[in-house]
Amino acid sequence: MSVSVIGGPKRESDLKIPGTEVRKIEKDLYEVFIGPQHPGSGHMRIIIRVDGDVIVEADPDMGYVHRTMEKLGEIRQYIKNIPLFERMAIQDACNVTVPYVLALEKILDIEPPQRAKYLRSLLCEINRIAAHLYGFGIFGVFIGHSTMYMWAFADREVMVELAEKLTGARLTHSYPIPGGARRDMPQDFPQAARKAARYMRRRLEEYRKIFLDNPVMKARMEGVGYIPKKLAAELGVVGPVARASGIKYDARYNDPYDAYDEVDFEIPVFEEGDALARAWVKVEEIKQSLRIIEQAVDWLESHTSEAPIHDKFWAKSPPLWKKVFEKEGRVKLLPMMATMKIPPGKAFARGETARGEIVYYVESTGDSIPYRVRIVSPSARNAIVFKYVVPGHRVMDLPTIYGSIDYFPPEADR
Amino acid sequence: MSLVEVLASIVFYPPIYQLVIVGLIVTLGVVIIILWFERKATARVQRRLGPYHVAPKLAGMPQLLADLLRYAFQEIIIPRTVDRGVFITAPIIATVLSILPIAVVPFTSIPDYWPIPMDYSVLVALAISTVSPIFLVLAGWASNNKFSIIGGVREAFIITAYELIAILSILSVSAATLSFNFIDIVNAQMNTAWFIILNPIAFMAAFLAVLMSTSGFPFEIPESENEVVAGPFTEYSGILYGLNMGAAYMKRFAFSIILAVAFLGGWSPLTPGEGILYGYLLPSIVVIIKAFILMMVFSFLRSVYGRYRLDQALQGAWRLVFPMALIGFGIGIIEAYLGLT
Amino acid sequence: MPARPVAKALPKRRGLFEGFKGNIAAISLGVKYLIDPKRFTLIYPNEYIKLDPGYRGFIVLEKKKCINCSSCARICPAAAMKMIKLPEPDPRHPGKTKIKLWPVINYQRCIFCGYCVDVCPTEALYHVPYHDIVYENLAEMDWDLETFTKPPDYPTASEGMPVKYIVDEERGLVKVKAQEGEQ
Amino acid sequence: MAIEGVKAKEQGKVYVGNLDETAKRAKQLLIGRLKLGKAVDWATSFSLWPVHLTTSCCGCEFAAAWSPRFDGEQFGALPWVGPRQTNLIIIEGTVTRKMACAVKVTWDQMPAPKFAIAMGACALDGGIFYNSYNIVRPWEIIPIDVYIPGCPPRPESVARAIVDLQRSIRSKGIASKWVEEGVRPDKPLVAPKQDVCSWWRG
Amino acid sequence: MVEGLRFMKLSEEMVRVVIEKVKKELGDLVKSVEEGKGYISIKVPLNRLREAAVKLKNMGFDHVKSLTVTDYKKKGVFEVMYMASSYLDEELSRIIVSLTVEIDRNNPRMPSLSDIWTSVEFQEREVYEFFGIHFEGHPDLRPLLLVPDIADLKPLTKDFIVKEEPIFKS
């Protein structure tokens, strides 16, 4: 219980304390720094200029989580990059790493076995649901609905539990590797997955009651952050943001990879283009992901268990490798994986994460490390929404838009 | 007189009892319990446990005590940029003013136990309750922080919206009974029915107005954390923040008592009898329990709703709740005309 | 049957009555959960989750199996696994020592990806199925060879009882007691 | 608390009298005579409110640690919005050069007694980003009480860290010592100075 | 099923059709058009980049997925690739074309395409800070992710070297 007197401009140099400088802004605008220590901004900052209650200018100040992945990717061996790139969006770990592995497979010119494809797709969809629920929860708490946050995170735990059964880690699975996947499905997995799917469908109905059809929340979301179809195409937004604006684009459909050309699912597309439509896209996508999970589990159950990895990395492996796989379902890696050289070539691959399309450009010069890896993550492409869509809305709409586009700074900043 | 009687006569001397016992001690207890209830109920709806380890056998009841004690002994930071006088005094005055309405609300029909006997107690209670929000605006302004100022301005907007509704909807009861005295209002309810049944529309309007005035969900707009951090209280730390936090709940309690007396029949099922016990203590307990139930309803709404946007809240207040209050007032007049009460 | 885009529309519900109905639905759902919360909270120090044996927790070295090949250090993405050089008596030339390489791990960096375990040619490394250990100073986390060869202390196990979560159709996850002998 | 650049006489001079002196007397009375020290430690340990500063992706597991399954609120810990009302900072993963300034400013804004938990490999020694050019080790800017290894750590680990911190507050009497003497018994309140905001000031 | 939304796996036939179309549309602008792994590479001279971009946009390539820059230190050039694709045209959305130019490493200046493709605006800012390529005509060319003192080092060029630790503990 002591009293301290701190801060405040006393001298000229004191004026330079971050966030307290006095700058002249034309007109009667009020400049507000939202973030990075701020619940409504996550780990980024949005500098907004406010005229009354209306935002006239928004300037996203990103880079608070820029961890130099592109540079580190250039100095590390190919397989070490998988855990590295996974850290972009750890709640969506499989989805962000699969396209990188696809690019490597394109250069290596190998095709993973069918079982690996299904396993990867299975984990991708589990991750997609978990990431959508994560986004839902954050969106809920952004507009003050803490129950939505808690419920979404409670149900996300079901998906995390499934992923943990499959891979042995809660979030950072590091599951796909060039040519396959790291573990096979455990025996009791299909039953748990089917139960979880049925449970999840029922819960979506309750989400609708308490959040999507709740008049208070609906009023907050309806018509907010409207992005017309043309503008969406022009800004190049991705994922649920684009699909809520009527753009029929999904990398799983337009450039199918893994098992997505064999399973039956829909790509929900809405025309409204506002925050409510973006929330609904996620709900519909969760339903479709559940369908994919059920189909993938059925397929995996009805086919005999074999190592989900390309023969190149399995045929010549020692007997211990096969023993471990039979006993634990774990695919052991060959020591040569660490320093694997990949033939020269350039490849471009895309995949659909929960937040939208992620693209990788990998260039190899025949060395064991890539010459260049370029990643453009969905949030990095959606960040432009802040500049072009937020102005004209009220201050309280900023968290709504932020939450509805499901912006995830570590992914955007890479 | 024995010592007990002397003590009782001091404790139950109406101004002391209403202001010190009910106004400070009971209010503090109610705030602590209601905050615990709010956290526990929200946790239940959200499928989790809520405060627990602080006292597993009491289901985490002393949690708020721990929070209060921590606040009391934490460093108080007063930034150099603030207007110090206002910054320190505003929360204190707001806290005092927010419990002051209790002083004029009678807890019994026995004239000996009226705190301040007067015919205009409804008006006085409403008048006092409208003062305290101004100090929240002042607190925001004195903090000299952008978020505080935005929060303060929001508070000011909200005041303009709910004040008229609160006054009008509670006055509809006065209109029905043709009296500004809480005693007459309760007596009228005991003769016929509670006003929540006779005039549900006015009660709804009053309920929403109280929700707005104490920034309960879905009207928790001045402190909406996602844009303006903690609104007017962003710069407050230590016990000063504790006061600010408590002030809103104390105000809610004072309003709940007014609503309980005006709409829920006051000490209704009980007819105050002779002596301190039956004439004063039990009736006041009935009123406090009714107010407590109201506060539980207020707290429960947190787990169902998010918050409205400022303009939507104002629009709702003026377009929907204000006409409701007017209709309620009309119903009150009609009831008086028909002689229902 | 492949994917296909399907145009959908938001449910159109407007007006005062629909709003009223929505409020009632939301509040009644809230009350439903207030009465029956369906909770599955882990009361932490009193209970702890007994993880599956396949969980990628802390890593332990079985010194007998190790063939000092340094594959694990080579594949570690965070450079947490390092080889140290230790002299040891040479069985072939008595009286002389030779330098042997042993892996040690630095938990200041380890990201629990499990590559080292998967790459080990003799299965000398294995995961213990627990992860909730914290430290009060940094130096403790840089393990030497001796610490690395035995499972780390697990204080939680002595404080609470093990539980397991199983996926349930009605309640999502259900907390059940884990049997002692059960894997 | 002494402030640089302010004369000793000016300190504590506010409108309502000499608050510093009053506070000192009150402290002596409450802690010295009434033996409230234990109660203060108890209250502080069960009221650790972490400030809402998400430095990086461990925020996912931080969020999960307060989700219904792991419910951090059972320890009385409630993630709070404004730094002025909190007393715990959880560094959730990597601290980049840009974020380091925010961490430092947030830490300085929090009222003492305050505590810090470093969560995840990146907050200890950089984790997988150990050789990145854009990261800062958080223990270089603020004093850390508990370190949690893992990438990301499980939510139970966060709970473990909070339990450990609670126990050490009670056993070492950190909060009451602070109230009495204005110092942390075990650690200096301010870490070695490193100007992480230089890029901002230019 | 709606006509035109029919699913087709990307075939070599389709890629060849698009290549022909691009060749016809861009005419003498292009240096070369070839099929890469996952994209079609269109090389154009630097001074005709904007012309080519406008033509591609008119063809239906309405957004840029990635602005990829590679530093070829030995050749002394930066290779800048605008990886464009389409949202509104169902067929083109399966194809990714990369509009590639090479610019001098020592004098990295090139025209900005952010007025043609708005979606490239933030990525050009990013490239500006990581490689120091100055985009002429960009409305708002400031560093996006990095703090100024690191942005001066141009971290993604091959001049900036990050070392990995050896596998032996010292």
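Note that the chains take the letters A, B, C, D and E in the order they are written out, and that residue 1 is the start of every chain.
Basically, a residue touches a chain if its C-beta (ideal position, glycine included) is under 8 Å from a C-beta of that chain, and two chains touch if they have at least 3 such contacts.
Bear in mind that the values here come from a model prediction, so they are computed numbers and not experimental data.
Trainee: What is the set of chains touching both chain C and chain D?
Mentor: A, B, E
Trainee: Looking only at C-beta pair counts, which chain-chain interface has the most contacts?
Mentor: A-C
Trainee: If I average the Cα coordinates per chain and compare with the overall Cα mean, which chain comes out closest?
Mentor: The most central chain, going by mean C-alpha position, is A.
Trainee: How many angstrom lie between the CA centroids of chain C and chain E, rounded to a whole number?
Mentor: Chain C and chain E have C-alpha centres separated by 40 Å.
Trainee: From the C-alpha centre of chain A to that of chain C, how far is it in Å?
Mentor: 21
Trainee: Centroid from C-alpha atoms only, then distance chain A to chain D, rounded to Å. What do you get?
Mentor: Here chain A and chain D have centroids separated by 30 Å.
Trainee: Report the inter-chain centroid distance for chain B and chain E in whole angstrom, where each centroid is the mean of the CA atoms.
Mentor: Averaging C-alpha atoms per chain gives centres 62 Å apart.
Trainee: For chain D, write out the residues touching at least two other chains, lowest number first.
Mentor: 1, 14, 19, 23, 67-69, 71, 74-75, 81, 98, 128, 130-134, 151, 154, 179, 202 - these are the residues of chain D that touch more than one other chain.
Trainee: Can you list every residue of chain B that touches 2 or more other chains, as numbers and ranges?
Mentor: 45-49, 52-53, 73-78, 225, 229, 238, 303-305
Trainee: Would you please write down the residue numbers of chain A that are in contact with two or more other chains?
Mentor: 1-6, 10, 38-39, 63, 66, 68, 71-72, 75-76, 83-84, 147, 150-151, 154, 157, 172, 210, 214, 248, 253, 256, 261, in rising order.
Trainee: In graph terms, nodes being chains and edges touches, is this line, ring, star, complete or other?
Mentor: Other.
Trainee: Dump the list of chain pairs that touch, please.
Mentor: Taking the chains two at a time, the touching pairs are A-B, A-C, A-D, A-E, B-C, B-D, C-D, C-E, D-E.
Trainee: Write out the stretch or stretches of chain C touching chain A in their complex.
Mentor: Against chain A, chain C makes touches at 1-11, 13, 18-19, 22-23, 25-26, 29-30, 40, 52, 54-56, 69, 71, 74-78, 111-115, 118-123, 127, 165-173.
Trainee: Could you list, by residue number, the parts of chain A that touch chain D in their complex?
Mentor: Its residues touching chain D are 1-6, 10-11, 16, 18-19, 36-39, 42-43, 63-68, 71-72, 75, 83-84, 87-91, 134, 137-138, 150-151, 153-154, 156-157, 160, 170-172, 410.
Trainee: Can you tell me which positions in chain B touch chain A when the two form their complex?
Mentor: 42, 45-48, 72-81, 146-147, 150, 217-218, 220-221, 224-229, 238-239, 302-312
Trainee: Can you list the residues on chain A that touch chain B in the complex?
Mentor: 1-10, 20, 30, 32, 34, 38-40, 53, 140-148, 150-151, 154, 210, 214, 216-217, 219-220, 394-399
Trainee: Over in the complex, which chain D residues touch chain E? Could you list them?
Mentor: Touching chain E: residues 97-98, 130-134, 198-199, 202 of chain D.
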